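Presented below is the structure to which this report refers.
Letters A, B and C mark the chains in the order given here, with residues in each chain numbered from 1 onward.
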């Protein structure tokens, strides 16, 4: 049966199947009413607070989904999609509260979706007549032009809230620090571990790694999606158990587990 | 646009290609390998189009701003003029022509380097503002950061070789361990997000609300 | 004066930083550089290449990171020219072609080496990871001509290069964008040596891959380039900026100490006034 698989990928396949089964099981379980409790994520709770504060101060909200060279065609597409989910949530809030929103995607291929998402948000909020096409601005799809555009937008508009989740690169600190300098509540998040320290240092709230991917589910408060987050946690427990077992087994001189992983 | 066009069809396309590429990665089938190679070629073509799409989008966006005489429209006109000039030089005379190279090296290159170098300034001000030993955790982080900084300073590392090994230990053991944790957690989060997208539990990226099903 | 400094503290910080960066570049201090183990390993792997071995080099950065990646690429090129190997350059970054032209101007190949015979540049390949997968699986199916428009069949070097199986080494010079992607597309698929030359900030992220053996060695930013230049005795841009780098890092450490002293002094002052001076 192992001949069916490419070299060294059989275990990875079975583990992927395990991941899908566990997550799907927890999701369905939550749909049937057994909704697990998950911890509060301060950064995600702060999104609503930040938008509310911007509304009170009569200021706008700036939202973006980070920058990556390959856009949605590359390995960071998942993070961009997670950022889109947050953007959809923020757009809906802004529509309901009547707050000006500026969305600055760095990906031209996403523009139709971003326009559609913001427009749908206004529609769901019953304020379609207040939707403006200008709320989505394209600042460029190159790293430094986009980052400079974000800096300029922050300095000119001085938004009350600055929210972004996605795959940031070298421009992360520029974007984060610029938001802090204009006094906006800055909530930024990324899965890229090289940029997380910058967000932790410069932002009011930072989303780290998987918190970005869980954001859409968390903010929706949909039981099924919350169930999927719990499923993820069970998988982490399984992974930790594998690590502990592997450490013990390998320390005893057996290569069983490492051979299994290389299967 | 009906929900079939906006959600169902894009989702169906996503699922079909996702399953095909996952199978291509895991299974040793020549048929799947050829399908994978073909799809990779399509992806390369689509991404080449995306480069052009960026140009068209900028032209359209700033063209509208000029036509409507929006705020700061002269800036949009300046952007369009320089973009068109650069494109004419590059496409018409080749990327190796002296004028194109001059503009690239002395304008774009210099501006990019200048923007990147703002990082140095912001790191300095962020470090001065944020690196406070407010509590035990912050103090441990500060000490570890200092060890890394000293190990990264060429002259200090030259004066005491042991610092390089200490800094290497901090990078290779606690930092690498934390990095692995973040990567594993993010990977599990990404698979879960993909599953939610496939079963249409998360449609934020398709223009819907985050809790809306297709 | 101190009131002015306090109200313009950020401007003062930036001004001092500018001075301590500019002065060592204008008038080098000649501070000592030690060569780290990873730089030595990086150089030794390239040194171990044999004549006519094939090396893939991905030039994957933009002008913004030239200060770090530029010296790395130039010194790597200089070292490769001495080994008699065949080098396939390409770029998965849009600005790669300009970076190649700039680097080759600094690391001019010796007259004994000929373009098309000893090295070739394929230009920018769009598609990120899909392009990486395609170029390693079947180079000729992805690219029909080199960057200068010469068909591949007219290039003697390309008669020996079809897939990654023909190569012995991959070197990626990058601002970080595609470093880990190459682990999947090169090391995991072909189990060939992978050397990475990223900007300094990406080095901690590479540690797990280096420990796992997926990345053989990492050349750390401009400092790594400077060490490499000293190691192979081919001075370049890298060595000239290490004095400025040293001064900047020392300044940063001083600022952090000053910041903490101010923090604790102010905290003590607040506690003292809260307790009425008791």
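Worth a mention:
Simple rule for what comes next: contacts are C-beta pairs under 8 Å (C-beta built on N, C-alpha and C of every residue); 3 or more make two chains touch, one makes a residue touch a chain.
Small disclaimer: the values here were computed from a predicted structure and weren't measured.
Farthest from chain B, judged by the mean position of CA atoms in each chain, is C. Contact count check for A-B and A-C (C-beta pairs in contact): higher for A-B. Chain B and chain C have Cα centroids separated by 18 Å. For the pair chain A and chain B, the distance between mean C-alpha positions equals 13 Å. If you average the Cα atoms of chain A and of chain C, the two centres end up 29 Å apart.
Within chain A, residues 70, 73, 144, 170, 193 each touch two or more of the remaining chains. Residues of chain C in contact with two or more other chains: 62, 64-65, 94, 127-128, 130, 204-205.
Residue positions 43, 47, 112, 115-116, 123, 125, 127, 131, 179, 183 of chain B are each in touch with at least two other chains. Residue ranges on chain C touching chain A, taken from their complex, read 62, 64-65, 93-94, 127-130, 175-177, 180-181, 188, 199, 201-202, 204-205. Residues 10, 13-14, 17, 21, 31-34, 36-37, 62-67, 94, 97-98, 101-102, 125-128, 130-131, 133-134, 137-138, 141-142, 200, 203-205, 207-208, 211, 223, 226-227, 242, 245-246, 248-253, 255-256, 258-260, 263 of chain C are the ones touching chain B in the complex.
Chain contact summary for the complex, chain B toward chain A: residues 6, 22, 25-28, 43, 46-47, 50, 53-54, 56-58, 61, 70, 111-112, 115-116, 118-119, 122-123, 125-127, 130-131, 178-179, 182-186, 188-197, 199, 201-202, 204-211. Touching chain B in their complex are the following residues of chain A: 3-7, 9-10, 12-13, 16, 19-20, 23-24, 27, 70-71, 73, 78-82, 84-89, 92, 108-109, 111, 113, 116-117, 119-121, 124, 134, 137-138, 140-141, 144, 147-148, 170, 173-174, 176-177, 191, 193, 196, 198, 201-202, 208-214, 216-217, 219-222, 224-225, 228-229, 231-232, 235-236, 239. For chain A in complex with chain C, the touching residues are 8, 68-70, 73-75, 142-144, 169-170, 192-194.
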